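Structure in structure tokens, see below.
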Amino acid sequence: MSRLAVPKTYKLAIGGKFPRSESGRTYAVASPSGRFLANAALASRKDARDAVVAARAAQPGWAGATAYNRGQVLYRIAELLEGRRAQFVDEIVQSEGVTAAVAGAQTDAAIDLWVWYAGWADKYAQVAGNGNPVSGPYFNLSVPDPTGVVAAIAPQERTGVSLLGFAAVVAPVVLSGNTTVVVANEAAPLSAISLAEVLATSDVPGGVVNTLTGSPAELAPWLASHADVNALDLAGAGSIGDGTAWIDLQISAAETLKRVLPPVSGAPAPSLERITAFVETKTVWHTKAML
Amino acid sequence: MTIDHPVALAPADRAVRLLGGDLTEKALRLHLDGLAGVDAVGLEARAADLATRSIKTSSKAWALDTIIRTCDLTTLEGADTPGKVRSLVAKAVMPDPSDPSCPRVAAVCVYGDMVPYAVEALGAHHGDPEKGLVSVAAVATAFPSGRASLAIKLADTREAVAAGADEIDMVIDRGAFLSGRYGLVFDQIVAVKEACRRADGSYAHLKVILETGELQTYDNVRRASWLAILAGADFIKTSTGKVSPAATLPVTLLMLEVIRDWHRLTGETIGMKPAGGIRASKDAVRYLVTVAETVGEQWLTPHLWRFGASSLVNDVLLQRQKMTTGHYSGPDYVTVD
Amino acid sequence: MSFLEYAPAPESTAILNLRETYGLFIDGEFVDGRGEPFATISPATEKRIAEVATANAADVDRAVAAARRAYDRTWSTMSGADRGKYLFRIARLIQERSRELAVAESLDNGKPIKETRDVDIPLVAAWFFYYAGWADKLEYAGLGANPRALGVAAQVIPWNFPLLMLAWKIAPALAAGNTVVLKPAETTPLTALLFAEICQQADLPAGVVNIITGAGETGRALVSHDDVDKVAFTGSTPVGREIARAAAGTGKKLTLELGGKGANIVFEDAAMDQAVEGIVSGIFFNQGHVCCAGSRLLVQENVHDEVVDRLKTRLSTLRLGDPLDKNTDIGAINSREQLDRIRALSDIGEQEGGDRWTAACEIPSSGYWFAPTIFTNVSTSHRIARDEIFGPVLSVLTFRTPEEAVAKANNTPYGLSAGIWTEKASRMLALADRLRVGVVWANTFNKFDPASPFGGYKESGYGREGGRHGLAAYLEASGWQPPAASAGASTRSVRGRSAQKTRKAVSK
């Protein structure tokens, strides 16, 4: 006789907690074939606002941790993902309708991506910064500094990205000390929420990664216009509306001069440029003299 | 620093007023260590900025005369003789024989044993430079090294004053200063000041040479300037001229800032004398600009400002002749000392 | 006359050989503009200097087309070494003509000759020298083995450092292999036009550098032109915002250097005389027309009175007047419009309860002038503590602890520059870490160098100018697919800049 399974409730992840949407709304998540999988929280603009507040509150502390520490925390995520590999494969199989082998490949790619980015945490500054030989008695050093709070729209394709796409936007943003508010894949949000649970148990401070499930079309404009968001990763925003609605987001972001990365197709490949897109170069001068 | 055994210092008037009645080395040290630091790059940048002032026409004519009027025409050589000193005095009294409108220098500056010859050569011209006369300044206190016992330094000073020196240019004990014995340096200045006292109760003016080239850091120069002023210096002076670097514009600016701060604090005016290495009138004008923009141009008078120089006067004379005649002059038209 | 007044020491204008009228510099030649010409005047005397052409939309088209042709046929096919040699030539020509350029700049802008002679023009030459050397070393810029030029750069620059801003824009663009169309500010076009002559003297291939003049409309046409791949703008935050909106969805790479409200933080243990100098150069350098100016003085409360007192004494030695006099420290305000803004904001400062102090100085009878002004008793909510005044007006605020200093310094939508004055290095470094600004000057202020990246956080803009980072702003990394070009939606074409057109088609 088969055992009756205990289904999981998928909620939002804001400030290290897992609340339901303040609006009380949910939406049904289904497999590509239409089979009901779960009710996910349908985040509202107020959830987005709360997430930004949580991200802002967590940012100085996260940026203030040593780079070595951030690298270790990111690596720890990979370790925990590896341990829960079966769960992620299962969720991907269910929600994307792919084979276990395909889902396994995506999970492995996501794990390896965390490892790759984890290693950058205490190195990217050496590549992106430098000492500057100015003509005068001055110490002069340029170092990258996290931009602040980065809002991201995870890739929204129906297959291949539900976990990997989420990881590929989050990891490069947070490794430098940014905090983030991410809108997960709308159709397949389950693995993103499970990943948020991994983050909560892997030494990532609450508020560093805030995960919203729901409609990018509804949430993105609020994030793009939010004055306390410093940058936007529109990776998955190409799927909103007619495919050019992201341009309005970029226009909206211009109001406070947010840094914007436009949409990509699929999960963005790991790259140094995704890290440096969300850092500021800070140059410090100091006088030098023996006397 | 010992807390239990505070060393009492000579009760110099200014120090007592600033630091309190029972004056100790500890109180002095706390004050000197508590002074704001100096950022060398910023100080030098400010000096360089002051050096870009462009002084033309009437301002330049006034500046050239002021350089002569505030110059301590100096000879400090082992080879000095009465004849050399008489020649120097003649130049001091009449710097440019071809132009009687040329002002006299402020003083002649010689070793102590040369003072009688300078006094004699000056004759009726000897007196207060503010009244158009020429003073006699003597270096003392085992100049330039200062490496002698206090007794010898004081005897050196008394002898020069007795011989008629109006001004004493003393050196501080840089070794003591650099090793942190501020009290020793302080007490010596106070003692030398007392040795400047004449029989009638008046004092020869005391210029205290810091020898900034040996103090090296600007923080030291600032502390030493304060120390000298607190001990009773009438003037603070950069250098002996025997150590390189001697006077520089940044060091002079820094010492003028201390003088300005003392004036803000007490209303008292302290004199300043850069010495050594100032040879061109162009450079000297930059010093005048620095004085005017730091403590005010009322300082540009022989009682408060001196150049210690030997060859500077001739360069100023060449410039002066150019301004008078409209054409460039040459070294044959000014006198060798 | 007292010595301190100094006799007049005017720099001769005989060195200038200006034309009566200037056209647009397009495709290597001066051509007539099709817009209404305008006069450029000296803000110190309000006298006309020359008549300058206005480029209309058709002229902008022509300039961009010339730049595109030069990019396709000449500049992108030339070796990096040869591009570098052209830039070296330009650098040398600037040095050779430096006095002339300094005089022209002071005349047109109103800034003191001391500054154009000792700061602006030497930096202009240094900028070209620095980037000249990069031209054949792009593979070492940290962007992969084969970084690519972007194409045609549209560059719009402000009036506060006319020729220097031109150098900041043109030198890295050309070194990276781009061609440019640059528009100088309406009130200060003169040195850009002299620079066009220098391009001719350097025998720079036609169309590599195009200089078009005109007002905001010309600039708008330029930055929103479809055939432009890169937009670089230095100026106000409102205009930067407008440009960012216009560039949205086009894939144009953007560099924006916008406004600022820099905090100059003075601790009790600061080297006080140097701090006072730093405060002075922080806000009164270039009449305060500096985006990174230290316009907010944050001074530790226990030394507030002393600092303000010393500052006032120091300001009393500043000399305001004829920009061409070598002893002038404070020149003319660049325009009537800017003067009105400074006056209006200062009046608001007084109404809001700030205590206004103005240095006593004689104001010339003609021209635009504003004496150095300090507001004390200012709080963070006052407009003069928040709005960029862009003039010689300092707002003094206090703090009690380092934590409070950081909080107040960061409490602004801007994030361009900050100064820290302390003799305690560990505190300086910790503070520098926490300040949300692109440039931190510790125990110094307003220092610039071609090797040193410059640019802002937050609403002060994005991108860096200067150094390797400034070069990267004109390059695309090899192997890096810019997101817009690889975006998923099939309705969009590969070339990012046509996305907007596609969008228009979609919405019909």
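Per-chain numbering from 1; labels A, B and C assigned in written order.
The rule is simple: a residue touches a chain if its C-beta (ideal position, glycine included) is under 8 Å from a C-beta of that chain, and two chains touch if they have at least 3 such contacts.
Keep in mind the model is a prediction, meaning the values are calculated, not measured.
Peer 1: Max contacts between which two chains?
Peer 2: Greatest number of C-beta pairs in contact occurs for A-C.
Peer 1: Could you pull out the chain whose C-alpha mean position is farthest off from that of chain C?
Peer 2: So the farthest one, by centre of C-alpha atoms, is B.
Peer 1: Can you give the whole-Å distance between the Cα centres of chain A and chain B?
Peer 2: Here the centre of chain B sits 69 Å away from the centre of chain A.
Peer 1: For chain A and chain C, what's the span in angstrom between their mean Cα positions?
Peer 2: Measuring from centre to centre gives 35 Å for this pair.
Peer 1: Using CA atom averages as chain centres, what separation in Å is found between chain B and chain C?
Peer 2: 46
Peer 1: Going by the touch rule set out above, which residues of chain B reach two or more other chains?
Peer 2: Those would be 39, 41-42.
Peer 1: Multi-chain contacts in chain C: which residues touch at least two other chains?
Peer 2: As it turns out, chain C has residues touching two or more other chains at 443-444.
Peer 1: By residue number and range, which residues of chain A touch two or more other chains?
Peer 2: 136, 138, 287
Peer 1: Okay, in this complex, where on chain A does chain B touch?
Peer 2: 136-138, 287-291
Peer 1: Residues of chain C touching chain B in their complex?
Peer 2: Contact set of chain C toward chain B: 1-9, 114, 118, 269-274, 277-278, 317, 326-327, 423, 443-444.
Peer 1: Quick one: in the complex, what on chain B touches chain C?
Peer 2: 36-39, 41-43, 45-46, 52-60, 62-63, 66, 254, 257, 288, 292-293, 297, 300
Peer 1: Inside the complex, what are the residues of chain B that reach chain A?
Peer 2: The contact residues of chain B facing chain A are 39-42, 44, 216-218.
Peer 1: Where on chain C does chain A make contact in their complex?
Peer 2: Checking each residue of chain C against chain A gives 126, 142, 237, 240-242, 244-245, 248-249, 251, 256, 258, 413, 415, 425, 428-429, 432-444, 447, 449, 451-455, 457-462, 464, 467-469, 477, 480-484, 486-492, 496, 499-500, 502-503, 506.
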